[in-house]
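Got a structure for you, questions after.
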Amino acid sequence: MLLNVDDYRRAARRRLPRGLFDLIDGGAGDEVTLRRNRTAFERIALRPRLLADASSRDLRTTVLGQPVSMPVLLDPTAHAHLIHSDGELGVARAAAGAGIVYALSTLSDVSLERLAAETTGPKWFQLYAPPDRAGVIAVLDRAQAAGYEALCVTVDVPVGGLRERARRSHMPLPPQLTPRLVAQAAMRPRWTIDFLAAKKRPGGVAVRSAPTRPAPSGSRFITEDDLALIRHRWPRPLLIKGVQRGDEVQRLIELGVDGLVVSNHGGRQLDGVAASIEILPEVVAAAAGRVEVFLDSGIRRGTDVVKALALGARAVLIGRPYLYGLAVGGEAGVVDVIETLRAELDNAMALLGLTAISELGLAAIQIPSGFGSRSDAGERLLT
Amino acid sequence: MLLNVDDYRRAARRRLPRGLFDLIDGGAGDEVTLRRNRTAFERIALRPRLLADASSRDLRTTVLGQPVSMPVLLDPTAHAHLIHSDGELGVARAAAGAGIVYALSTLSDVSLERLAAETTGPKWFQLYAPPDRAGVIAVLDRAQAAGYEALCVTVDVPVGGLRERARRSHMPLPPQLTPRLVAQAAMRPRWTIDFLAAKKRPGGVAVRSAPTRPAPSGSRFITEDDLALIRHRWPRPLLIKGVQRGDEVQRLIELGVDGLVVSNHGGRQLDGVAASIEILPEVVAAAAGRVEVFLDSGIRRGTDVVKALALGARAVLIGRPYLYGLAVGGEAGVVDVIETLRAELDNAMALLGLTAISELGLAAIQIPSGFGSRSDAGERLLT
Amino acid sequence: MLLNVDDYRRAARRRLPRGLFDLIDGGAGDEVTLRRNRTAFERIALRPRLLADASSRDLRTTVLGQPVSMPVLLDPTAHAHLIHSDGELGVARAAAGAGIVYALSTLSDVSLERLAAETTGPKWFQLYAPPDRAGVIAVLDRAQAAGYEALCVTVDVPVGGLRERARRSHMPLPPQLTPRLVAQAAMRPRWTIDFLAAKKRPGGVAVRSAPTRPAPSGSRFITEDDLALIRHRWPRPLLIKGVQRGDEVQRLIELGVDGLVVSNHGGRQLDGVAASIEILPEVVAAAAGRVEVFLDSGIRRGTDVVKALALGARAVLIGRPYLYGLAVGGEAGVVDVIETLRAELDNAMALLGLTAISELGLAAIQIPSGFGSRSDAGERLLT
Amino acid sequence: MLLNVDDYRRAARRRLPRGLFDLIDGGAGDEVTLRRNRTAFERIALRPRLLADASSRDLRTTVLGQPVSMPVLLDPTAHAHLIHSDGELGVARAAAGAGIVYALSTLSDVSLERLAAETTGPKWFQLYAPPDRAGVIAVLDRAQAAGYEALCVTVDVPVGGLRERARRSHMPLPPQLTPRLVAQAAMRPRWTIDFLAAKKRPGGVAVRSAPTRPAPSGSRFITEDDLALIRHRWPRPLLIKGVQRGDEVQRLIELGVDGLVVSNHGGRQLDGVAASIEILPEVVAAAAGRVEVFLDSGIRRGTDVVKALALGARAVLIGRPYLYGLAVGGEAGVVDVIETLRAELDNAMALLGLTAISELGLAAIQIPSGFGSRSDAGERLLT
């Protein structure tokens, strides 16, 4: 019975070859951060209001000036076509139908132009830093021409994380049809049939010159100069994804950034970092309303959305949840996951006694002492 | 061996069809609040007195001016007749025999007049807001005419919670005899025999016009206007059930309320809220003795009653515990559960060196730092 | 392999009929306090000294002026003869051989005179309050005549705790040879042979008139008047066992008490109280060196002894550990347990760099913030 | 699949006779400290920097003036030849090849001269205090003559810890080929073949006169006088291993020590002490940059190295990790473990946005409140 995102996760595990499931589901190292992304949400308690008539709730909001039907967006992810033949196009159609933003990954299997042509919804383009200046300019111009409304620069994957679970499942990075994967696929006939039937591939990557694997050491580090170049060339809203400290926000704002995504890449990069939701307060405080702050990593419930927004996020992004849906039912599965989260968010708003997203604030939550990352503790320890 | 409430719970699980058990036992969402309702009690430690002669203990107290034999009352609950043919009438007789309050639910299977006619004990009537003003007035007048001593307005079920465990057991809401439930019943012959033998149904609901399922969106939100109307029409003590914040107490008192029930509906409504016992201190502080404060959600032991009263509750209410007793033994089972809790409470009083309920106070407990919900933490985080 | 007290516990479980094992091993209620007695010790960390020559350690100390070979004494316990035919006499001989105090229980199966006659070691007599004044005087005079060096008045058993585990094992209180116990014994032949062979019972209880089961309600509550009478009649050192609050220490000192035993009766009385080791600091602070403070409940390791003494205890008492030893090997088993703890304590002293018991102090430990019971938290919560 | 140190641990468990594995893997007592050494690292969170070009990382540093390729050194350990026929010589060759320090144990199976002759890398010599003054002088002169660059005096093994797990596996200390060990070996043929084939033993112990088992009580306590003698006789850098308190650092510096190793001997000595990483801050604060501070006990991941260095350690030492590698693959296995940790450290530096070891500081981590051992808590409790 598919009642919530965890149900979709379990169903996806039964549907996908093991290596492919572990590729999307696993985290880095000992998966400490992967677990912390969830437990940190549980430490925050909700505080419902009484005597409020919340009989009609309005979940709409705007992100970087763009209207969306609810504050849940779709993170850029890779490998959608391996998961289901509907691929990125299916995901984008689901997002468009739901009235929320889809962010296309540099590592997608479909060209950015094709995706832009086939979807009607709001769309962002996600950029890893290509190795050369000319490449950056070319991509930005293509994305602008194709009508992407915002650019999201991912800064937390200068090198790949140590994704041991995926390695244990013999999943090559980037994914390839190795004999082991074929063997695993033999136990997942529904996936295999869908995979083999999908003869007509979209034929291309989002950015043909984009690296599809972690580039040689250093090639994906994004410096202030890189960012200045991007800012210079990209006239529309610009987001930085992978922010994990409040003390760097001022510098990012000075560089002209419009939005920040607090993220630890779903616990897939550096194991041992704090949960995104623990970092959010210091980033929101540093941003001081000058730029919009977003969050991903760990969102699995409508109440998680509430908690993030109460702490100051403009919206949240989800990655694994919609990939689980894609694995289970293709485009329709993505729709189901989106609508499940919407229903949960709506139920939470009703039970909180709130009628509009703008009413979400600190009054709606209770935070345990010690929550968050403003640790002058270190300084204290050594003095 | 039925020594405590948990034993009755296990016995009820063996007695009831799975869906029915999950309906009463389950919580909302991931059941985080359901568990927190219990763990929060364990964080509070008791502090016994020495050299006190507590050889005779008096557990009597009053609730809203009404004498009761102990500070444990019976929460309003639905579906008693599905659990055992003794139904609400059996529960009410058990409460009357025990000298404690029974609160009849709007959603009961017996009319409020019939129950009032057949029980001799103190009784409250619980009200969900009916959809229209005329309906409210009619119900209040009937309850007053039938002699209910107090009215308890439930404000935390404007919409239903996401009770996934019950849904997984294929239990329809409201409960119906679906083929699946019949199949489950086949494995529970004692329940089935009792159910089929109960041919003469009480024939009615507490309030014939009451909605037996979550009404169309918004119809159960109770606003200040609704409350003013109720207060105007109901001359006897009025309680609000579902209070979860101290900062709303002042407004409720100004609206003329006589009692507050701190409750999260047993973890069945919004998953992720704090435990009732964590919220109690801020509500008691805000009430400042002007109205009586009650608590439900999580009471399973006599020592839990002690802890709640030490933190300022006038009495506690239990729901699931007596339903477990009802499932196991009908009216007699309810009596057993009530007397088990009474014996535990009496034993705790003796070992604490206390002779009267009025002696319970903060001196009897130890609270860990960080307990409770007065979290200015949120404000601190963002400044 | 019997390396530590937990090993003896496991061996005792294999040796004793289930009901008998559960009688001595179990706690009250949900056994929250039973577990907390252990976990609280784990929260305290030890801090070894460097560059200290602790090549010879002296574990001797005095308790109430009496020299003992180490600061570990034997708690009064009941039912020794059911556990092993060596009974209290065997335990007392083990204690005498080890040079430590044995405290005889009022509920022992041997008369206090017989035990005094057959042992050469230091001995205390433990008193429950008998129902009448004449009875108290008679017992005190007998104990004084028999040469008991100190009197230990147990104040935390005015009524029995809710020992559910023992009840589930069908162990009657006081223990009787019921058919169920006989059935359990059939699976424990070594215990049965020892039990049946022990034809010559010591013939008597410590105090013939002593109640062997919880007396009618109230008969064991010890009041200030009772204590004044005892103090008046007993010229030697007087201890109160069962202290659980610092704010009652001053009154006890004014009543002429010489020693305090911080104890929760091994988690067998009121479930939900804090661990003894958590209460110790406030009692030590209140005693301010005017009386000696002891501790029981939860001691299983030599390092536990260190922690209690570092927090200000004069010595600790053990109950279950030596009963496990008695079950496994009679008197010799008790000796083994005592010497195991002595070796552990000696090892800990060496590794801490300490040579004498008097060197144990707060410098030897690290206490987590929030440890202990001085909770003004309650007051804070409601203001 | 051998991806990390835990994988090597599991492989070592399959490779070694049980008693031998437990000898190196087990801790003292209840292994509370063994577990705490790990959980304490998990409580520290990492804080990555953005917009830093860390495309080339330099892991080199110096320890006591000596260049090393990374801040991970090899702890002195005993019994290498029992684990694999490559023995200490193999470990030393692995360290030399990796460009890191190997510290030879007094208890090694190879003479200190032989090892010095056969390795080209930086090497320390570890000293337990021999029973007599002449013995100390002789060893120091031999170590100096053989070219050891630093002396590491272990002060936390004045007597052996209570290593119960090893005792349960019937592993004699010092290890001997008992019938039980032979029986265990029969189930580990690869280890047995390697063991039997290793006919040519190195023929000697590091220090022929060194005690190979805990000496009679007191013989290994190292006093200030011992340390003064050693300092007088040893002209090169001198380290003290086993520091567990900040308040003794000043005295050690006055005695002329050059380096401190915060260590609890991997949880093998006094069970119940805090984790090394919890003690590190107070030692670093007390050292105040006058001597270099090192850490061992619990390092299993490259991110653990980062955390220790961020808290002020100059480098860390590993023991069990390389013994697991030795068990699995001899010298090559040690190399694999070293390179695994190097790769993890390098990955962590890249993802933290750091290019040099010297950039690691408190800004790179987040410490939970209450972390560390500066417990004036004790004083607070009793006042």
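As written, the chain order gives the labels A, B, C and D, with residue 1 at the start of each chain.
Rule of thumb we're sticking to: a residue touches a chain if its C-beta (ideal position, glycine included) is under 8 Å from a C-beta of that chain, and two chains touch if they have at least 3 such contacts.
Since the structure is predicted, the reported quantities are computational estimates derived from the model, not experimental observations.
Chemist: Find out how few touching-chain steps suffice to connect chain B with chain D.
Modeler: 2
Chemist: Chains touching chain B and chain C alike, please list them.
Modeler: Shared contacts of chain B and chain C: no chain.
Chemist: Quick check for the class: compute each chain's Cα centroid; which one is farthest from the centroid of chain B?
Modeler: D
Chemist: For the two copies chain D and chain A, is the contact made of the same residues on each side, with over half of the numbers shared, or of different residues?
Modeler: different
Chemist: Rotation angle for the CA superposition of chain A on chain B, to the nearest 5°?
Modeler: Answer in degrees: 90, to the nearest 5.
Chemist: In angstrom, rounded to a whole number, how far apart do the mean CA points of chain C and chain D lie?
Modeler: 41
Chemist: Indicate the whole-number Å distance between the mean C-alpha point of chain A and the mean C-alpha point of chain C.
Modeler: 59
Chemist: Out of chain D, which residues touch more than one other chain, so two or more?
Modeler: 369-370
Chemist: Chain adjacency by touch: line, ring, star, complete or other shape?
Modeler: Graph shape here is a ring: one loop, exactly two partners per chain.
Chemist: Which residues of chain B touch chain A in their complex?
Modeler: 29-30, 32, 155-156, 158-159, 161-162, 164, 167-168, 217-219, 221-224, 227, 240, 242-245, 248, 251-252, 269-274, 278, 369-370, 373, 375, 377-379, 381-383
Chemist: Across the complex, what residues on chain C touch chain D?
Modeler: Going through chain C, the ones touching chain D are 1, 3-4, 42, 44-56, 281-282, 284-285, 301, 303, 307, 310-312, 344, 347-348, 350-353, 362-363, 365-372, 374.
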